[in-house]
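In structure tokens below, several structures.
Look at the two complexes coming up: chain A is in both, with chain B in one and chain C in the other.
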Partner chain A sequence: MNLQLPEYSLQVMSPEIFLFVWALLVITFDLITKRKSGTAVGYMTMLGLALTGAFLFQAGYGRGFGMMFFNDPMAIFFKVIFLGAAFMAVGSTFGITEKRIVNHRGEFYGLILMSTVGMMFLASSQELLSLYIGLELTTIPLYVLVSFFKDDKKSVESGIKYLIVGALSSALLIYGISFLYGLSGTTEINQMTINIAITHIQNETLGVALLMPIMLLLAGIGFKLALPPFHQWAPDVYEGAPTPIAAFLSVGSKAAGIVAFSKIMVMGLEVFHSPVMAPNDWGMMVALMAAGAMVWGNIAAIRQTNIKRMLAFSSIAQAGYIMVGMLAMNEYGQSSVGFYMFVYMFANMGAFAIVTIVEDQTGSCEISTFSGLSKSSPFFSAAMAIFMLSLAGIPPLAGFFAKYYVFAAAIAHAGQNNTTGWLYWLVGIGLLTTVFALYYYANIIKVSYFGKEASPFKLKAPLPAVIIIVIGLLGVFGFGLYPEPIIDFASNLSDYFKR
Partner chain B sequence: MNEAANPGIVFWVLSAIILVTGFMVVSLKNIFHCAIALVLCLSGVAGIFVLLGAEFLAGAQVLIYVGAVAILMIFGVMLTSNLAGKKIIATTSNAMVAFFATVLFGGGTIVTIFMTDVWRYSSESLPIDNVMFIGKLLMTEFMLPFEVVSVLLLAAMIGAIVLARDEES
Partner chain C sequence: MVQYLTLAAILFSIGLFGVITRRNTIGILMSLELMFNAANINLVTFNKFIAPETLTGQMFAIFVVVVAAAEATVGLAIVLLVYRNWRGISTDNFSILKW
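Presenting the complex of A and B:
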């Protein structure tokens, strides 16, 4: 028996290997210090994430393990987002790990790192099986992290909800993948596209056969991205989860879902997003989901009194805007999605970091807690106001350019083909709902600046949380005033369309 | 269509077992009976795998699903029903929704599989010792996902221990 190993070139996957080993080191460090590691374990986690970032650029583009692992521009770009989201989430956990997570700090940080490894692996996978395993490695640590406050009923409840919804969506996804395997005879995404296209030329009934897998895949990924009608879990889970984990869910896990969508639907099944394939033009289905996300996410957010639930609905709406960019199947589409996600990371992680501080010191996440906060803690309320304005898309903050590029890409696509006129409608809905969004984002500013009396709470934050907020502010301002470097970087993402 | 169009009596018997016990899992009132029905249902699936010549999958199905998952569920039921002090009601109140969802899902699957003829059948004959074949694939072509699964298991293990442990403080 001879075993022919594929060329594995470990160089390209050194960041993942390093981060996994670092996760084990973090857990061990907490153990050998007899659970008295204090803040050191948190700083160690942040250091590990920063070093992985350095490794990432040193690893560069290339393939490993045959066709299994591929660092293309999109993989590198999204890995930066995953690492950034994890870094900012870990930075805002210090208040929590000081008081509420005393016994399992090492596991807490270790699981965050392992989830990040899963996301990075997912971004590099070129094959449906490893993509699925990457997605599982992303979500399974998150089930545990969501229910990490074992003494808090809400946290445990949200953990169980997330587990059930996540397991169901994974089942739908893998069932859809098994259909694709049956149709193409391969799990390798590029080969799958070719095989399915050949079958389509030979046999017209392929269109019928593809309807079911496409619906299953959209439902599976729709759950992960919390796109309506699969969004109900998000507000409950975000409310119960530890706040930095909710932030990580809303940025890291969402970006992972977007990568999965981009790989399976855009790269794998792009051919079937065209009027020729009318019965299973999945673009139309995604457009309906995106429209639902923008409308329902923004309207429901207005009614919320709990800021974590409000940010959950806001992130549902943001996923809708991202999908608008995704549907623009031209060279701007993918880069606008990348830029949007990058900017969204800074604003959303920053906002959640402030919510963490407020919750830590007042014990409440109600929006009314923010009342009069500008008088007692001017820095934090100003930062919150800026993050809210960026999420709403007010110039000159980066959030404005993100929305602008997404809509511009969609309009450019609609202009190129006269069969995708519905994209104009989608952009119209997007612009209209941005106005609704302004209402609830501005409400936070109103409450904290025009509250009648000064808030009794004077917020004090641990140093890393302040650093995270400053990074968020720099990102939101910096990439608003000078977005070129990221746009240049993100424009490589569309290389796929130039091939 | 190949000879799979006439799969023989064993297939129909196994399918009947799977469908009936599968329906029992969701319809019986006593959760313990549901778990027993699940064991039968999963054994039926293992039988289908044997019929298809996938002995390895059949063995894994019996070991993991019948042997571990279902037994664990029965233990879970037995240990928790006394703890809560009341009977667990295992039926759903949304029977109509479930019915429509099943019809839609099942109908969709049937239409997809039988109304089209676009599926790729392998022209090669089955390898005699497919366990060796699977092992070989896992160690060569699919080595990376195989390794990542071990990372996944480690993460799941750490998570389970964290959640299940008694806090001594």
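Presenting the complex of A and C:
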């Protein structure tokens, strides 16, 4: 029994270390100013996230700690998404921190940063242990953040629901991972793939033995991604959580789930995707989950009266579209998923930023509060309309190209392999449900523009929130009209399939 | 090896059953601990019988223990909040958020 320490390189890990230290600094800063730091602590958090972004490109590609930490293009790309989501979430919190969490600003921002650190570790992991730890580092701070309004029964209720569902999903995931370790004898994902393939050739019964870990993993990651039938927690949690945290959950946490899915299922168990591996063909199971997400997410969103619940169902549906791209096991699949997630970040964070402002000033998240808002606050209702159109996928906006690339990748894959003809069905369901989606997205526009009289509320937003909305608009328009730079960046994500 | 795996499977099933049926929030957290420990037994068993030349599985089990402890800490803190708000920790209380 020999224990050897892998090589030690802090260089590639420097952004994470920096962000973690910054999180501690944020908490300390709030304490030494005796909880009177005001908005300074929020600006400090945003500065830390921006600096980490700069560090990210300085650290570059490479690996450290054996396979535990591996900066490939995919890791860098998703780290940019995590940092962007955290930046935009923090930017839209200023209204809340001024009013509702005056005494715990430091912890609030510090926990957002720590959750981001967890996501970044997750994106860099090439190994089941660090992947699991990254996932837990992501979710544990989020349990606290969701239940941050201690006296608000809604927030506490959503916190306990998120905690139970999140812990259950991680228990399922770790039980599944333990079986993967048992079947392969290693936790490195690349080595695991090889070992499982070898054992599969030698021993046919492995086919059935692998069914249980695959289902456990799909359940565990399905909970994180809120894919049906594991989606019921999402609307409750989004409704009760502080709105910027709901936004962070819907983008950051979802992107983390997508990275985990991509690492374990796509890279680790790719060979078991094809229907030839009949009992444990996970492609078909994920296809059913994605179809369920697109159909149920879009239909249930129509009847919601609370905008946060509506956005929750919309994010369930978006996860379904993302899974369509994920199932395309070719050089376009992962790139289209990355592009989708990147664009989704701008539109969704922008929409949630506006919901935060509305909730802050009117005290309500009902869709009816948007009535007549176009006359009293034209900028915010116009921005909301644009974000809704991008989420629905209307052509000049970036959301359209995101959906287009995802479906194109799926069709390309179905064209190459005649065993995956069901992908055509999946794309068909996707296109059909996009039409349903247009109904409830357009409903927001209808309410705010064609409401009878002017709204009694004239929205005033703190400066950072306006900046976040402008960034969102720039992203939605900019990457709609000129998507090349981000597509070039995203096209590296599929390096795995070019080998 | 089969005995250990069976033990883990039984623990996991008891835990899952507890999470689904318990009405007491602390009971649910205890059942979750059972599920994590089932995974630990699996990891250590596989380390011993499949890959005895490395320590990966045992290391993994220690990390899972740490994670489960952290989760239980946060969980109990949230249960405390629940108790303050409702004066009770039964899951029957949670009926504000529904559609």
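Throughout what follows, the second predicted complex is superposed on the first by the 494 of 499 C-alpha atoms of A that agree within 3 Å, B and C clash if a C-alpha of one lies under 4 Å from a C-alpha of the other, contacts with A are read in each partner's own complex, and residues count from 1 in each chain.
The rule is short, and it goes like this: a contact is a pair of C-beta atoms (placed from the backbone, for glycine too) under 8 Å apart; a residue touches a chain by one contact, two chains touch by 3 or more.
Computed from a prediction, not measured in an experiment: that's the story for all the values here.
**Student:** Applying the touch criterion given at the start, work out whether A:M114 contacts chain B, chain C, both or neither, answering first, second, both or neither.
**Tutor:** first
**Student:** Output check: A:I164 vs chain B and chain C. Expected answer is one of first, second, both, neither. What do you get?
**Tutor:** Touch status of A:I164: second partner only.
**Student:** According to the stated criteria, A:E270 is in contact with first (chain B), second (chain C), both, or neither; which is it?
**Tutor:** Neither: A:E270 stays clear of chain B and chain C.
**Student:** Now for A:F179: first (chain B), second (chain C), both, or neither, which partner does it touch?
**Tutor:** both
**Student:** Determine, under the contact definition given at the top, whether A:R309 touches first (chain B), second (chain C), both, or neither.
**Tutor:** After superposition on chain A, A:R309 lies in contact with chain C alone.
**Student:** Between chain B (first) and chain C (second), which, if any, makes contact with A:E136: first, second, both or neither?
**Tutor:** In the superposition, A:E136 contacts both chain B and chain C.
**Student:** Have a look at where A:E366 lands relative to chain B and chain C in the superposition and call it first, second, both or neither.
**Tutor:** It touches nothing on chain B or chain C.
**Student:** Please work out whether A:E98 is in contact with chain B alone, chain C alone, both, or neither, and reply first, second, both or neither.
**Tutor:** Touch status of A:E98: no partner.
**Student:** With both complexes overlaid on chain A, does A:D72 touch chain B (first), chain C (second), both or neither?
**Tutor:** Touch status of A:D72: no partner.
**Student:** Using the superposition on A, tell me which residues of chain A are in contact with chain B and, in the other complex, with chain C.
**Tutor:** After superposing on chain A, chain A residues 1, 3, 129, 133, 136, 140, 143-144, 147, 150, 179, 182, 185 contact both chain B and chain C.
**Student:** Would you tell me which residues of chain B are touching chain A in their complex?
**Tutor:** My answer: residues 108-109, 111-112, 115-120, 122, 132, 136, 139-145, 148-149, 151-152, 154-156, 158-163, 167-169.
**Student:** Please name which positions on chain A make contact with chain C in the complex.
**Tutor:** Contacts found on chain A: 1-3, 128-129, 132-133, 136, 140, 143-144, 147, 150-151, 153-154, 156-161, 163-164, 167-168, 170-172, 174-175, 177-179, 181-182, 185-187, 235-236, 239-240, 300, 304, 309.
**Student:** Per the contact definition, I'd like the list of chain C residues that touch chain A in the complex.
**Tutor:** 12, 15, 19, 25, 28-29, 32, 35-36, 38-39, 42-43, 45-46, 50-57, 59-60, 63-64, 67, 70-71, 74-75, 77-79, 81-82, 84-86, 93-94, 96-99
**Student:** Can you name the residues of chain A that touch chain B in the complex?
**Tutor:** 1, 3-6, 8, 20, 27, 64-66, 68-69, 102-104, 107, 110-111, 114-115, 117-118, 121, 127, 129-130, 133-134, 136-137, 140-141, 143-144, 147-148, 150, 179, 182-185, 195, 199, 203, 205-206, 208-209, 211-213, 215
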